Structure formats: C-alpha cells, structure tokens
Amino acid sequence: MAANTFGELFRVTTFGESHGKAIGGIIDGCPAGIELDLDKVQEELNRRKPGQSAIVTQRKEPDTVEFQSGLFEGKTTGTPIGFAIYNTNQKSKDYSHIKDSYRPSHADYVYDKKYGFRDYRGGGRSSARETASRVVAGGIAKQMLSDIKINAFVSQVGDIVLHKHYSELDFSKIDSNPVRCPDAETAQAMEEYIKSIKKQGDTIGGVITGVAQNVPVGLGEPVFDKLHAKLGAAMLSINAVKGFEYGSGFAGVRMKGSEHNDAFNSDGTTKSNRSGGIQGGITNGMDIYFNVAFKPVATVLQSYETIDKEGNPVTTQGKGRHDPCVVPRAVPIVEAMLALVLADYTLLARTNKL
Amino acid sequence: MAANTFGELFRVTTFGESHGKAIGGIIDGCPAGIELDLDKVQEELNRRKPGQSAIVTQRKEPDTVEFQSGLFEGKTTGTPIGFAIYNTNQKSKDYSHIKDSYRPSHADYVYDKKYGFRDYRGGGRSSARETASRVVAGGIAKQMLSDIKINAFVSQVGDIVLHKHYSELDFSKIDSNPVRCPDAETAQAMEEYIKSIKKQGDTIGGVITGVAQNVPVGLGEPVFDKLHAKLGAAMLSINAVKGFEYGSGFAGVRMKGSEHNDAFNSDGTTKSNRSGGIQGGITNGMDIYFNVAFKPVATVLQSYETIDKEGNPVTTQGKGRHDPCVVPRAVPIVEAMLALVLADYTLLARTNKL
Amino acid sequence: MAANTFGELFRVTTFGESHGKAIGGIIDGCPAGIELDLDKVQEELNRRKPGQSAIVTQRKEPDTVEFQSGLFEGKTTGTPIGFAIYNTNQKSKDYSHIKDSYRPSHADYVYDKKYGFRDYRGGGRSSARETASRVVAGGIAKQMLSDIKINAFVSQVGDIVLHKHYSELDFSKIDSNPVRCPDAETAQAMEEYIKSIKKQGDTIGGVITGVAQNVPVGLGEPVFDKLHAKLGAAMLSINAVKGFEYGSGFAGVRMKGSEHNDAFNSDGTTKSNRSGGIQGGITNGMDIYFNVAFKPVATVLQSYETIDKEGNPVTTQGKGRHDPCVVPRAVPIVEAMLALVLADYTLLARTNKL
Amino acid sequence: MAANTFGELFRVTTFGESHGKAIGGIIDGCPAGIELDLDKVQEELNRRKPGQSAIVTQRKEPDTVEFQSGLFEGKTTGTPIGFAIYNTNQKSKDYSHIKDSYRPSHADYVYDKKYGFRDYRGGGRSSARETASRVVAGGIAKQMLSDIKINAFVSQVGDIVLHKHYSELDFSKIDSNPVRCPDAETAQAMEEYIKSIKKQGDTIGGVITGVAQNVPVGLGEPVFDKLHAKLGAAMLSINAVKGFEYGSGFAGVRMKGSEHNDAFNSDGTTKSNRSGGIQGGITNGMDIYFNVAFKPVATVLQSYETIDKEGNPVTTQGKGRHDPCVVPRAVPIVEAMLALVLADYTLLARTNKL
C-alpha cells in the first residue's frame, strides 16, 4: 500500500509535515535523458506559494526547491530525483490553541483516533503544504511530456460560474489575474467575491477545470486502471476535493445515447467530444477535460464551538493566515497531478505491444 | 502496474472477455477464517445478471460462479480464492457487423490503436461483462465486513431525480422494483421512462448513490490514498461512469466554510455530515455516501454513421440485446466496489500503530 | 503485498490447492501480438508432470491446461490470460493420516499457526503442485522472449556433481534422460543413485543450473531490483529451494579482485564472465548463469516420530506417491521463473530512456 | 516497478549518488507510536562509515543523518520519515580517469548502454554509498522489532573460514574487532589477511552470516513471497553480493530427507534446525540464519587494461580510497536488510486472519 507514493512507473513519494524541518520527495522511474529546466519547476512552485496575492494566505514561505540527486550535466540520469523544500516560516505557536481540541471538518480527530496522537502544528501531514512536493514532481513530468499541452483554470467560485467552453478561452491568460480564471470579466467578479468572503472571516468553494491537449491515442488501461479512474484518484487526493467528473460528467446523465455518442471523422477524431478524450479508459487523441470540485476551506477566522480530546465542549477563535478560497493556488496542483498521471501512462503504454 | 488488479491487501485480479470461454478472477489477501455463504455471493451475481426484468438486456446468461480454491470446510483459508463464470450464451455472430467498423463512444477504435487488433466479439475485454467478477469479489468482501452496512440505489435516471435524502429511505426496498430505487413512486416513474427510451431504441444515463454505514473510525490514508480517492477510482473504473462526488460534492462548492463545517458532538460524531464520513481521507465513523454518474449506454438500436478501419464512412444498424439504462444492473457493482475498498483499508488499518 | 503474484509489468497471479477443484492463474501485462503456440506450453507442462519416468512420483495427473481468455485468432490481445488446470487424480484419503499431525519440515505446523487451520489434503496451497501454473506462465514468457535462449539442467544430485562447465554441454540433450542432466554419463550415475534412494524410501537433494543466452544489454535496475536479486527471489520461491548463487557465486568469495574482474573486449563483451552476465544489477549481454540448491524432499516413506496438534508425540508412516528427488521435475520450473523475470525486465527496460 | 523502493507495508525508498548533494530516503508505513532512539540509528551508520579502521577505505565521510519528518515528541507519527545524509567529502576529480573509460566488473558500461550516459563520479548511483540509507531505515526497523534479536557477522574472508556454529559465538563481540568476526582468533587472521591484500593493491571476497532470534511464528507468505525469497532478494540487492543460502543451504543438497528433516519437540520447536527457521516460506519460531557471499571489490589499485567508450583499449591505474574487503562494513547493511524484511512481514502478518 503506497500511501505516500503516486504512480506505478513514473512515481513520486513525498514526505514532510507543515512545521517539520522540510518537506520533499523522491521521483523514481523518470526516464533518462530529459533536459530539465529547473527554473521552470521553481516557477510552478511559485504559482502555488502563499503570499502571492491579496486573495490567498499571507504566510511568507519562499518554497525554494533543492534538487539533491538524479540530475547530471542538466539532464535526468534515470536514477531517483530527490528534492527538499525547507520550512522556514513556521509559527508553531499559532497552533497551540488546537493542540488539545479538534477543528471541525479537519483531520485532527481522525488522526488522533488512527495513530494515537498527532503532530498538531499547522495540521502536520494533513496540511496542504504537502502538495508543494506534487508540484515539483508534476513540473518534471510536464517537461517529460513536452508535446502535451497541460492547463488548468478556475471555472467556478461559489455561485460565480464561468459559462464559456474551454475552447473559447485563451489559456495564456490563466496567470494574468490572481484568481487564475482566463476570462477577465469573470475573474474580476470572482476576485471581488473572494475578497468579500475574506472580510467576513469566511471561506468559499470552487471548481477547477483541467485540460490536456495533443494527447497521443492509446494511454490508459481497460479495466481497473482506466485513465479517468486514475485521474479521478489523483484529483480526489488533493486536499479539499469533493468531486470529479470528466467529459460530459454529471450532465451526461440526462442525455440519450443517440445525443451523447461522439460520431467519428474519417481520421478517427470525433465530431463532438462528450467522451472527454477517453473511451473505455483509453485516450482517443481528443482533448481530455474534467472538473474538480473543492469545498470551502475548513478554517474560518470566526469563533466556533467544538470539543477537546475528552469530548468537552470548547469555544475557539479561528486564527492564523489562511486561504479564503483554495482554487487559485490549487491550479498548479491540478496541473501537476494531471501531468503525473499522463507521464505514468505514457511509460506504461510502451509495454502494450510486442 | 496492476491494470487488472484492484486493491493492495485485499486484492482481486480479473480475466475474461465477453465471448471467451470464461470470465473470472482471483481474490488474494482475503483473511483466513471467514465463514462464507456462497449462496449469498450467487445472489449478488443474480442482481447483476441480464434478463432479470423488462428494463434490462434480454440476454440469457445464468452467470453461475464456480469457486475453485481458497475455501475449506466452509471457511476461507487465507490462500487465493480462484473463481470462474463460464460463458454459455455467446452469439458471436451478432457482432460480425462491428468486426471491421468502429462503434461511436465504444472502445473499439482505441483498442485497435493501442494493441494493434482486438477481440471484437461483444466488446471483448471492454464489455461490462467483466464486472460480474467484481460482484463475486465484492460479495466476499461484504461477508468479511459483516458489521458494515453497504447499500447502493438508483437516485436519478435521465431527468428524473430522487429528491429524498438517503436517511429517509428504506434500504430494504431497493430490490423491490426493477429499477432499484427504494422510493416506489420515483421508481415507477423511472421504470416507465426507461421503457419509453427502450421503445425508441435509445438509451439514457443515471446516477447511483452509495452508502456505507457503521464504518469504524480510522480507515484511509492521509495523502495519495485518501479513502475517497480510492473510492472514486473504484467507481470511475466501472464501465460508463463519468463522475464521482462524495459528501457535499459539487454542491459543496457553493457553500461557505462556516456553513459547510460539521460541528462535533461530545462523542466525536458530528451534527451534520457534509464531510461524507471522511475527513482528511480518513473515516470519522459517520456514514460514507457518494454519487456515481453513468452516461447513457453507447449502443443504440438505431441506424448510425461511423467509419471502418480504413476511415471510410459506413452506415450501421445497432442490434443485439442491450440495456437501455445501465444503472439498475450497476447497483450491485457499485456495492461490490465499495465493499472491496473498505475491505482493503480495513486490513491496512491494522498496520497503523505499534 | 502481492503474495500470490509474481512480476511487476509481466505478472502472473496463481491460485489453487493440491486437492481443490483446479489450480491456475492469470497472466497480466503480456504484450499484444505474440503468436502463441499453445502446444509448446503444454509440452513445458508435460516436462513437469508426475509419472513421466521411474524416478519421479507415480501420481497420474494429466495436467492439461485450458486457456480461458486473452487470446484471439492465435495471438495475445494484451488483456489478461486466464488459465486453469483441473485436478483429476486427487486421493484425498491418502492424507487423512496428516490431518491431525504435523509432518516434519513441511508447512503443516506454520499454516495452522498462521491461519488458524489448514487444508491438509496433499499439502493444500503449500504443495509444489502450484508450480504447474508457473510453468504455464513461463511457457508464454519464453515465447515472448523468442530471441533469448533459456535453459536449465540438473548439475548435482546428492554427492554426484556434474564437473563440466555449461559451455561444454549440449543443451539439446537435457531432455534425453529422465534426470535432465545433459551429460549422459553423469545422468546415468544420478539416475541410479536416485533409484537406490527411492528403494530406501528416502529422498535426496540436488542442484539445478540455469543459463540465459543472447540476452540484450540493459535489463535490470540499479538498487533494490537488481536483476539477480529478482532472479534469486524467483528461484528461492520454488518449493524446497535453500540457496541461490550466480556468476562466480560462493566460490568467488575466495578470489582476489585482480583475478575476479572480467576484462573487456573492444566490443564490450568480456573475456571472462565471473559477473554471470550481470554488473551492478544490469545485464551486460554475456550469458546469465546461476545455481539453485534444492533440499531433499521432506516426505520420506519411512516411519517417523512427530507431534499432533496438541503436541502429543505420534509415530507416523510416510506414504503416498512422492518424488525421491525433485530436481528432474523442477528443471522446467527454474526455466519458467527465469523466463518470467526476463519478460518482466524486458518490458521495464522500454521505459528507461526518453 | 519499485526499483528504488524496498518493502510493501514497511517501505523505504532511497535516492542519491555518491557525489551528489545528498543521499537519503523516505520510510513509509512505519507504524505510529514507536519511541525512537535516533542516536542508535546514527550508531548503526557509524558501523558502516568509511575510515573507521585500517582495513577499510580511508575516505572521511561523517555520514550524519538528518531526520526531516515523521517524528513528533520522540515518537513515530505514522507519516513518512524523510531523512538525508549530506555528502561532504566528494573528490570528484579522483574520477576523471573513468569518465571516458569503463572499469571492469563495475556498472559503468551497462549504465551507459541502459541510460545513454552516466554520472561517473564515484560510481554515481551504483556506488555502495547508497546502502547508508538502508542502514538508517534498518535502524528504525530494528527499533520497531524490539523483541527480535538481529545480528550479522563476518564468517569468511577469502579462504579463512570461521568454523564455529553461530550458537557457539558471543554476538556481543561482533564489534570488538575491525573485521566484525566475533571469534577473536579468526578475526585476527582475517584482519592480517586483509592487510596483506591491501598492500598488494588487491581486494578479497567474504561471507557474512545473518541470524534473527526470537522471531514469532507465522511471518512469511506461502508462494512467491516466501520469507526466504524476500530475504534472498534483500541480500542479493546489496552491492557485490553473489550468493545467498539459508538453513542447510547448498550443503543440504547432499543430505537425505531422513537426515535433513527437523523433528518436532512437543512445544512445536524442532530438535534440529536445518530449515533455518522457515518452513514453506513461513517462520516457525526457530532461529533464522543465512549466509551472504560477497565478491572481491572490483576496484583494485593496480594497473589494468580496459576499453574507452569507443571500444579502444586503454591502460588505467586504479586509484582512490577503496575497501580491500567489503564485508566488515557490510555487516550493518546485512542487519539492516534483515530488519527491513522482518518489519515488513510483521505488519503483513497482522492481516492474515479475520
């Protein structure tokens, strides 16, 4: 059971707690001979880091990645790539108020029950800080998959929904605003809404849409390891995710087969793409697209009632520096997990035929 | 890469094509000492089998499972449980019309591209017939998890939505109608709708809701193997599934954190359960509940245009015996996959503490 | 933990007890497009089957393999290959004498302790009958690896040692005698010795040497999955095996580095081959060769003292139809495991470079 | 394929090259609640480190381990334990002579063929420096297995063989001499021999015997994952290992079954222990013991002929600081791998029964 490992051939194993010495990981199975631009990996990390705009947590974590192995003369060597991000801005005292009580809808209670105790500082291992390691690994996977275009963007914040189809959007605009919604008008509405939520000391949910383009035909496995099953697991493993749908998704339920089916063009492409680029678990060369639902962050900067370890009621005041909405910072995480899945299946697809 | 294996400790590996000699599987890691009621396993299989009502495919497959190992004197021995379901009603000639052409939104095209050729009879390995093996394995997992109550039911067919919360339903009524919706009124509407769709030679999508009750606290792993990530992968690996959400799901996106959080009772249970029984990837003892979206079956009994292997346009008439809506027969499959996930994590949870 | 699965990409999972309904397995990950000669697979099985000569067990088991999936029009399809060998000659009553007592140096005692009880008939899952499934899988792996020459032969029985280097032997003679030693003179001495041992109702150990020739450079992984580590595990997993050495093996211990090193020729081949075709865990294109030590079969047809389940001393008379020496029948098993390891690493090696 | 990961439930993944920034690893699956004595882990590392005596390499590497996660208030938390050993004494220039040529019986040639190029400095990933990470992980596994006594010692160097049975030895004397042979007289002969070999600029092989005592009954799996199969793989994965045998090993080949069988005492222990504590792949509670054969180190400080990348003959002078015999420093590595195997199977054994 590879609880802290993702992938079968292109694999990343991560370690680290929010307030420990470091977080990091090991990428194993990355093919030799990839010329890596390490600055690009750091840029991915910068897209995720705290403090980047007014609508995200104001913690100051530089999140600088240090690579420790697996590279030689600018290229991957085929051996494991170890990396670490040292923690530099932990204010563990901020968390003494949760040492003996359980925050609602956090993992505090279940960790204590499962393991007998927990590292309560900053959420310990349950902190989304762990996802920084995924972004590093995904940044390398992206460079391995140089032909595939991988993008994600915010398509919903609370009730504000981006109503354009992804094909109408200019993905180069994703990072042009702090929300990471490539439609300027919608982005502005989202930004203002997040600011108002923040003022209330509250939080709000959102949806990220992911798109992979120029994907080769034939990635994915027929039965349990259908590409979208692994993709779903990848997305659902991100903190705060509550749902995943691809192609026609939940809306497809309401359609008839005669409407839903994607008719073929003579070159094997399809006229519509309700399949979301995946048929029978295997890519057909059309765009892969999917939605990921994020709940509102559980930490609200309000007073709330909860229980302590003994089950006694306690009133607590939420404090610290937290995100009012996770989706802007989660965009690079969704892209990273998408890249990791595609890298893994790209290697696997090399073994299908004699 | 365990493409045809599901699970890490309680594991099932399946084999078999729609029109081959047999389908079946091997369950490995099942603990010793479980007194198995094999008739109950067969009953699960009967809930999935074709021909059981007027709204499902009229193929006649007895789907009788034969156990070949791993049992002794009525109990599991701890060694692998091999089983087979022999194919008896294949009409391979029914499929000669698809030998050289590709059915839209099926796996025909991608199999040919991935493997170089395919067993076209009945969809071969891409046929949902494979899921019978999952039902067998799940039937054993259910008996291992005798304390946990596992149920699934149809909550939507096309536009017909069951608007009751699962707690208002009587799960003993699930099998009281051919749709497997425990609300009689909604079930009847769904049944009539499916019949009308069938008359059109068309198909329709649906949603299945799964519920696990009386689950112990502490199942699940913090990072990549969060319980709901594996659960999502399990459901998304079922044929025709396009989406998965648990707890508040996609609707939770629109909520504020202060509304969404589940406040604690003094015994560690929670007053609400938007978390869906899982916090930080680990069960908290509350009910696990989730929705699974199924697209309309791709095989429509209508004339359609498609391409042959060379990309030439061909007009084909859909024929054979197919389901107008998969969700009634998919209920035991959803339950089986849910049981398999919980069995696996139950064993894993034994290794968490010294 | 894949206790009944071997391999990572080319994987076989087996099931079945000695006296159950069937034994068999599932081969997953076999590439599509291999034209399989199924008769050849059966021939491999015939080399392992009981009753083939006067020096092996006289049980009559036809050991006919039935393939149930994964093949279409004579070729592998890339989907799992299910197969079964039905048990036809079980004389379970032969084993009632061991139902309540523990045979020395068998697995009876540890099974009871580990699982709480056991299927005692014919040794249940601990019977070497399981290896028939390995021979089937290995027979397919061999056909995938058509360029590699895979051979094994008996090189020692008790104190009788074949003193020739493998390069002096004619591998086409391996099956020319019941011992499977390609040197006629040594084979005869071994055969006579086994017969005399059999007359005593006793058993004797032996060594099998395995050789793979025409192996490509680059199979194997640097650290934990060195080719010889997996090869060692493969051989040690065969019933009755007590040791494994490759290349210079235990004898290499006594050599100096200056003597032991394999000097290069200009084409990258080496003048000597004490490395056994593997350097740093990776094949260098030279012959792989290794020795596998088998202990004497534990079942002796003599009277012996042992204990029953309660620890009371009991005197038992060994009976039944058993091998006086396992190595003649174990030759195809060693070849099968060697083929499985090489097939797995052949697929993996496709993923090393960009 | 977990090439740089060892174990299934208690798992270690390692990274790092000889001359990179750091080596290290991640231990995943270690149960929560183990009170760790980190100084003891460092002591294990000190037993392996260079420069500890006159008969090992004179490199000066402090090999100080830094733990980065997974520990809280002195105990394991159940989350991954990340650790690093920073490289401080790399003299990469020492290796410019091998940049363009291949050292005989090293991995230089196969790395170039497999990956297209290699990090030639100090052997890169193929360096035995990687084993330091194993010692760290094994040191933690040992503390988890506090009831099991784990020891290894040198039992042969070249032709000098320790002729005493392990039961006659005082394991507390293992570290009392630089060879790590607990018999003073033999140790001295070995030490003098290694010194004479070193003077010749040559190297010599050796054997390490490993012993685990007070092992519970029931660890190990019946078929492919027999305890001794995994143990063999563990040992064979250590650099320079050419062979593994357990219990009666290769000598058992010459015995008759009637001599070899281990008769039971009334408490389930056995009068003899040729089984080496393992029957049918499962521990029976008797001592586990085994031998591991190490070849002579390939790097000799002599002039030798080899080839460059283009296949041209070149004459090279071996230089640098190398071990004349690896076994003294490999003792803690053997113990570490033994502990890792037992930790993994200890967790797995918790899942065998209902």
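A, B, C and D are the chain letters, set down in written order, and residue numbers restart from 1 in every chain.
Here is the rule we go by: a contact is a pair of C-beta atoms (placed from the backbone, for glycine too) under 8 Å apart; a residue touches a chain by one contact, two chains touch by 3 or more.
No experiment lies behind these values; they were computed from the predicted model shown.
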So if I superpose chain B on chain C by CA, what angle comes out, to the nearest 5°?
-> 180
Contact-pair count is greater, between A-D and A-B, for A-B
What is the chain whose Cα centroid lies farthest from the Cα centroid of chain C?
-> A
Taking each chain's centre as its mean C-alpha position, how far apart are chain A and chain D in Å?
-> 39
Just curious, how far off is chain D from chain B if you go by their C-alpha centres, in Å?
-> 46
Measure off the straight-line distance from the CA centroid of chain A to the CA centroid of chain B, and report it in whole Å.
-> 26
Provide the list of chain B residues touching at least two other chains, using ranges where the numbers run on.
-> 1-5, 8-9, 14, 29, 32-33, 78-79, 114-116, 125, 222, 348, 352-353
In the complex, chain B residues that touch chain A = 1-6, 8-9, 14, 102, 104-107, 109-111, 113-116, 125-126, 130, 156, 158-159, 197, 200, 202-207, 217-218, 220-226, 228-230, 232-234, 236-237, 239, 242-250, 252-268, 270, 274-276, 279-284, 291, 293-300, 302, 304-307, 311-313, 344, 348-349, 352-353
In their shared complex, at which residues does chain C touch chain A?
-> 9, 29, 31-34, 76, 78-79, 144, 222, 347-348, 350-354
In the complex of these two chains, what residues of chain D are touching chain A?
-> 1-5, 8-9, 11, 13-17, 20-26, 28-29, 32-33, 66-70, 72-73, 75, 77-82, 84, 114-119, 124-125
